[in-house]
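Same chain, two partners: subunit A is paired with subunit B first, then with subunit C.
Moving on to the complex of A and B:
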């Protein structure tokens, strides 16, 4: 059963009938999704349900086998890659900093789509890098080598890199992995701030359902390659949905701090 | 994002050079190393031209180079024997250094050099086949070496691509495998070939700068002049690809297209070098690694790797000619010995491979 509670929101970024997969292995078939503009959307679902695959296709890192991903109505795979990189950024999983690269130089790499061979640096570049580093609180790490940092610091540096890219649309693949709880909340607060203050459209893949409910304006629940349901957390999160998506028997209460839905697991659904 | 009034000073590793609305980011240590290497190169070049069985003084050398030679024999020796040898050494080294830098970046591994992953072996296969089967002139051997290198690259690339992406360990391991097969094939041709041809091929296999003429020097020099600048331009994208294909692609790099183009340039450079001087071991491996130890990392140092490769070759050639007892060693064997030791040191000290 598909309960797609269509919000009919405006969306620059759309997936139309996309079939996704790698080398013959199909992950998703005939997916449709409109990413609501100016909102913080979060994709949730069990491991291997195709969350990251969907996100990578929205970020043109994975070409759909069928269907199209559209940005402002144009097929993304036909847009010039650098122009696209000024509109849409994606923080991938498992990015590696080359040995010896320093924090400030890594963040500066986020400016690549704004530069040309003989116009390698501008005042805007400097301002964007400084602002991204200020927001992620990595200014005092500026001259450290990235591979010498702790996991949490490194993750903030990577986020600074995609922020320096200054794209109105930003996709993040599990931005809170490797972080302790305090840093997870810090990153999520930062993302919400970006969304609220600058009107960035955000899409993140998150593992923690309660964090997803707390921060998302729009939840997208996936299972086995399908989008099972989408909508505002308050309307979407029901015990039935959690059972259907995660196979988890749970109780849903109001989060005493934020008032958003909070999932208390009882155990695996019988 | 909102503009902020006071921008903090940021400790970038590069200096900014501006001219009108153009700007370049330049690493100062890299520039210093480039100038130093260029000076060493010039000195080695002079030494290489002055040294030999016939003593030619510096004043005389300058006169010859200026076209005011008084002695036609000296004129001949400098312009047709010593200069082509030095120019070959220079450009072979530069080609190998640049090629090594590109390969190591693409494979994200110091071991991903053309000499380690079978491309120089493939060039040798082409050259030996030409010598043994058709009896080769200098130019046809060079052409055969390039063809052999490019064919090997296509095979290795084809075997290592999965899901439209190559790179990393898969490229290295496939290359080592293909290289082993080709090395066996090379030996087979030497054993089965006519004795004289086999001797000629074996000499070529030692990697030598002896008896190089302009026929060997010009193709590799042209290759370097055309392809190294292309590699320098591509190095910006390649440096981003070192962060992972996804990270580079989301920044607007056409990852697989860039990788294919730069692999092609690097393969042709390595093959041209091999065609000109035979297989020269370890220059392609060592030059980028030495540069990385001299200059704090900011990106892919194609230019300095080329200069370093040229310096290694030219200085190496001058030094081997200074060895006592007329112990003339082919340069390829010398780089093999020295580079082999360096590789062991590198492996022993590596934090990760």
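Moving on to the complex of A and C:
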């Protein structure tokens, strides 16, 4: 087994010996993970390997059956939910907006954890929404209805919504699904920019290995509920690992554009 | 990208605020009309006197004071309750056809009242109201247990549970009415068409109190409901406790719809139509949707009640019937002209 212990990074978000599953069905056992601060981490692995389950537990949507997920050393499931929502945002897969909702109103909903009963909408909220919409380039769409947008625009609006939440940590479950290639790259470029400019700690589940290699600072490879390996793509990606994780016989070359590892499949591993 | 992009403002509300003000003014006008128009013609000047310089020895003044004023206020209160309960119900179940009756609230009130009339010989409207409230609460509790509102709420289960409870309760109601004498049936059918007639202060005060509580709870929940509407996962990751929010919303629905039904009988359609009209004007934001649904429903009920008195003159047509008569065709037009939003 290839366990690449890259430089032990500092991380506010940690999973400690977590066992994850849904009523009766266990997905992962005894997982340990430290999400490196200020980096763009990407979880990869074949379908059903537990990527989304892990992400959901990091985003406290799934309570571990054993072990705990820690934020700054404190058990996440004991933190007040609104306070936690100011630290950690999560964009689930295939989020759906109610019909007729305007873009600006959807983005504004990201401000919920910052609002109180008596102080509902502040200048700060306004600034956060405007900034999130500027970053994602959806200001022009402010008055449009979300359901009338194209897939790429809609995804940018959803990202704006979680950005308006202004959390230093941000988890994204397959943010590029259902998007065409150009829009996939647009979303990934945006995420990288957020990471580089604002120092957000990002964790995304991605399907495309080559995109993962191109954009990730830190790759987390999973198979059958286990974390098989993690580290920088350049150190991590070997033909052996791809064979082990995806059961794929491949050739790894340098991506001619970005210089990152690029996986060229030969066929299924014998 | 357009050149004007940088000038885009994120102003979120002035138009919606003015729209609400306009609707409130319209409702105030309708309420005034309700004070001046009745099955017994009273000159405008006398009505004005009754309002401004009340003289208890004047029979016209008495009528305005004891009948028209409480009736108009009750119409407003009942309307507001039904409108908000309907908006909450549609949001909660994500079902555009949901109305407050889906929780079995109306059926519960109906059964309790018919039982009260048949078994306890109850014949005062205010006593109906108490029984109606208890019945509504019991029915809602049963639906709550069956539909599992407590655990991750499944809209389909709630609707099915509500439908099942409603069927059973209506069967019981029929059983009681069929086996009772004509008097019981007669009293019951007057309640069951939905009417605001003869509801005095004794009904108005407790109902208003309940409705105000229900409305306060609903409006407090508005932002949390908006957040939950983005889905279970996003709701939670934005810091909402979805089960708590849904349970509180369900409680608000039961209080509002139960109070309205107990006071005025089952008035259908308002809880279904008013939220759609509101959503058509302001969109799905509960922060705006709830106040709009509140005012629109109050306006509709008062208008229906006034029209019932005008059309039925010298008698009158119950507000429940008027609402259905006016609301039905209107709603069909609405459905045909504009797409009904998916929730």
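Structural remarks
Going forward, the second predicted complex is superposed on the first by the 267 of 270 C-alpha atoms of A that agree within 3 Å, B and C clash if a C-alpha of one lies under 4 Å from a C-alpha of the other, contacts with A are read in each partner's own complex, and residues count from 1 in each chain.
The definition used in the following text is that contacts are C-beta pairs under 8 Å (C-beta built on N, C-alpha and C of every residue); 3 or more make two chains touch, one makes a residue touch a chain.
The structure displayed is predicted, hence computed values, not measured ones.
Three-chain overlay on subunit A, with subunit B and subunit C in a clash. Applying the stated contact rule after C-alpha superposition, one finds that A:176 touches neither subunit B nor subunit C.
Shared-chain residue A:260: touches no atom of subunit B or subunit C. By the document's definition of touching, both partners, subunit B and subunit C, reach A:81. Looking at the shared chain after the overlay, A:104 reaches both subunit B and subunit C. Of the two partners subunit B and subunit C, it is B that touches the larger number of subunit A residues. Of the two partner chains, subunit B and subunit C are each touched by A:142. Looking at the shared chain after the overlay, A:90 reaches both subunit B and subunit C.
By the touch criterion stated above, A:184 is placed in contact with neither subunit B nor subunit C.
Legend: residue contacts after superposition of the two complexes on their common chain; A:198 is shown touching subunit B, with no touch to subunit C.
By the touch criterion defined above, A:22 reaches subunit B but does not reach subunit C.
According to the touch criterion, the shared surface of subunit A, contacted by subunit B in one complex and subunit C in the other, consists of residues 56, 59-61, 81-86, 88-92, 95-102, 104-106, 108-110, 112-113, 117, 120-121, 126, 129-130, 133, 139, 142, 165. If you check the complex, the residues on subunit A that touch subunit B are 22-23, 56, 59-61, 81-86, 88-102, 104-106, 108-110, 112-113, 117-122, 126-131, 133-134, 139, 142-143, 162, 165-166, 197-198.
Subunit B meets subunit A in the complex at residues 1-4, 7-8, 10-14, 16, 21-25, 108, 162-163, 233, 236, 239-240, 242-244, 246-247, 249-254, 292, 296-298, 351. Those residues of subunit C whose C-beta lies close enough to touch subunit A in the complex are 1-2, 5-6, 8, 10, 12, 220, 223-224, 226-227, 229-231, 233-234, 236-241, 279, 283-285, 341-343.
For subunit A in complex with subunit C, the residues that touch the partner chain are 56, 59-61, 81-86, 88-92, 95-102, 104-106, 108-110, 112-113, 115, 117, 120-121, 126, 129-130, 133, 139-140, 142, 145, 165.
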